[in-house]
């Protein structure tokens, strides 16, 4: 049980081949707020986020995850994280500071994702017209589109899901919460690690094609399951197809809903779920037929959900449909 | 910003003058499960709790909080906590092991509450008839009464609420999240500290009579605000009066509902609320008129909510109605 | 048990001394849609309404209810209604046709309200940019402000609440569902009559000052209680004070929330509630202490809720605080 | 537009080959209350129903619908209904009185179902231990199992769905609300008729095999969509498989969940949905791809949902999978 070093998933860079369309979608439909813009990048945040930004949209060959940023528990924990990352041989050195946060130490995860840890982060200041009537809110509650409240988690691909899960735990102090094994084969296909009370802030899906640095989806938090159901209507009325959901995962008990932004990245809106504080938690193993993905056990994931989005290649690959190995998901 | 040492509010001992009635209420109406019983104490847990017990009901002069138990992040954090507690001059030494957890180090808080920190905790094993169909659940979802899922927080009294809040943060690494000042006087009357993502797992109400070790309420978590509203009906249909709520606090954005168990202790069921991961959070100050207690600003707290329950004296005192100083709450 | 003649509360005319401000509020904050405008009147509807309009805002000495329009079950039922109204000596003759509906027969209720019955009504046609992706919706779901779905009910004042309730039932076929008697006096203070499955589409509050034609509030429907709670936040963030609620009435089991529009009329947003189809229902009598107004029995109605708004006088009167006769509501 | 004659779907007789198991399931899992028992039949009602019973479980060759009982708006409407039924040549004469209601006039619908109309109905009297604290409730809110509140609708099969829908409207005054046509063929496969504010109290699925008197499911009402989601967990934890859902129909906007009782009949729990009072409503036509069955357009109905249950034959037939004609549902 390694010491917990991270306080939260701080931000994600999403590479999109259509920066303007992705930005409009994130603002108008998903309901994010723009905090800054510079050249090739737009900085966004959910209305309920206190820090400067949580999403960086960057023009490029995508859809892809550019990098994943983790904020540490404090400056001491940043030093410790860098020490461990350097020891792991995966460190790539310091960058920044940049828009919204101080300098960050970058590393390449065993599954090929570019990630970073940092401590200094800028508090966001709402302009007068966005101020909330409540002193504890970073801005007034938004009613625009889905009105996503805050970034929740990212789900990536890894050729070996347990390897990545364990590396995260040992190096950065995530808890390994739950995982799924293919129905009739002893093959781990999905794993969830967490720095917080929920089942995950990082999901790990098997990359059966052995890709590097590919991603599955980026998820935003809504206040409750009823908001996820409302979001489904808002999306459909806005002409956006829903890829999967609203439904509920057995793992973590969360209510989910997946769709795509114009650049091709898969987005989830998400709520509910258990609150688990057991510090020496041992990961729970599921078979798909127990309801790991679909708690109600009657709503198969569509094939399209097996598509990954690659890191910087512009191609859309497949996760190799591991859930369908035995026809169950 | 002190290092976070605690993983969760582990358990509370509630002293009741009517052990059997309190126990029946906790099981039949609140929906807790009995995990063990010995002599003067009954050990209970919510259906969603993975550890052995979270409530210890003990016969005695009550209602009162017997002691408050905090589980650390790990064994190293237990050592650190003990070191700091000893340095503070508030340590009272080791006790235990006892039912459900290993040995604990006890201390007396600046407000006179008996508390303890410990690491070793027993995982609860559901008997076959209670097992869940889902591998990540400690037992099947209960439908009995209010069906409280898990212990959430405890709210105590302190003559100086900021002193206690700051002491918790410096000694044990809580975050100081929000506080309320009396309407027209610079008097802090309520403060919230947290070891987790929500606004608090300990609330601190001013003890205007300068009492020691007194308490205000014990709260349990339900999955969502709709469950709190359903609980209100279940309580009324069971003949239990609701003291305050269902309503919503501006502080933390939580949905609340207060009532009394037969021994006299005030119980809350509770849900919703923001998820805040800002590690260097600076506490937010409220005035009651901004909606600190009643987010909707139109539902005054009844006078009865100003009653405290003392530690072991058998008397019910008053918190001195600080909210009513200026006629607003 | 008189034959049911009415299919729905079709529309309400609200007189406002501030037409432009009331209109902006109804559109921007309450989320209604404008269907037409002519001279002194603006015609509005909720996004989920299939007919042309349900609210007519008219400049004048207000706040007041201008008139109340009931649509019949069909043309035969219109003839029958007119026959009965003429026989009652309360008929005032035909008017119209007008914007959105055909000619209407007007009458003056025993409590002095101007009402009308009509059959012909215009179906509303959404402009292309508002069309829904679902063929059964009159337009796409709105996300503007509170996004009220449809008109629900009107609550008026009457010196004799039972007289008006019974007259409605005998003349127009309402069902008399529930009523409240003052706590320690045999004085009926509130009654609910309905043409539909819910407890009311007309509420009747005692006018202890013996006024004529005065009103209490106009209510709009939201999909569920969670939407009423969301509406409370939307209102507060928009700078609108909440007069009472969100709470739940014992009568009808509905979730409520009251506030004022800029012209002074009290508006409610409202959801939930039982569905009652018992054709020979006998009215249920409540005492306030049983939870008629506040199902949870701990949240007194503020004094301001005792204010009525008169018909065309420009003054705000009082309903005479009948609930407070004995200090309970 | 025929005069509305019916006030509600009063009761359904379900034939089960396993009376005791079906009864235990209805009481323990679905949460119904037993009101009476005689010989081969058990009489049940939801906790929120004011009349004596809404379900009659009868031992026999099933699963099947024994008969469908409609309560009229009043005694005059009963006379009118009998007159029209006799004129239609489908009348079968008077039966009863029986447990819970007075004499009833039976008829055979064009699709071969045995139905009846009646007026006299017995009000249910709760025994003291079940009485509610609220005067408008027939009994205290139940917390047993799914705690179904009341019977909502029945869905039957018909070789010609439009014929049956139109016959219901012309003869008994239902409104024809919405229907679905097969994706690429002009074949009506599903129709909904209603005596109330919701989209249906009778659904009509095509019987592509040309059967007579077959049924699809029986539905019960829960207070809100959150209760349907909770019901899904309660069912799974009780070992009951969920056939389809929780999901949401585009038609009527209702939240649904289907499963089977031990006798084989398909049961639905159901909530939400629009409230439609347009007396001259013209039926809305859907294509399955517009979301008629699955509002979110991504969750295909499982093949098992194409199974019907026959009237008294003991066999389970098929509805002929009309939705799958073109591979979409």
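Lettered A, B, C and D in written order, each chain numbered from 1.
Here, a residue touches a chain if its C-beta (ideal position, glycine included) is under 8 Å from a C-beta of that chain, and two chains touch if they have at least 3 such contacts.
Just so we're clear, the structure is a prediction, and the values are computed from it rather than from any experiment.
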item: Chains in simultaneous contact with subunit C and subunit D; value: A, B
item: Comparison of A-D and B-D by number of C-beta pairs in contact, larger one; value: A-D
item: Subunit A-subunit B separation of Cα centroids, rounded to whole Å; value: 32
item: Whole-Å gap separating subunit A and subunit D, where each centre is the average of the chain's CA atoms; value: 43
item: Interchain centroid distance [CA atoms averaged], subunit B/subunit D, Å; value: 46
item: Where subunit D touches two or more other chains, by residue; value: 133-134, 224-226, 233, 236, 291, 295
item: Subunit C-facing residues of subunit D, complex; value: 1, 3-4, 7-8, 48, 50-51, 71-74, 76, 133-136, 150, 178, 196-197, 221, 223-226, 250-253, 272, 274-281, 284-286, 290-291, 295
item: Partner subunit B, residues of subunit D touching it in the complex; value: 132-134, 140-141, 143-145, 147, 224, 226, 233-234, 236-237, 239
item: Contacting residues of subunit B [partner subunit C, same complex]; value: 225-226, 229, 232-233, 236, 241-248, 291, 295-299, 302
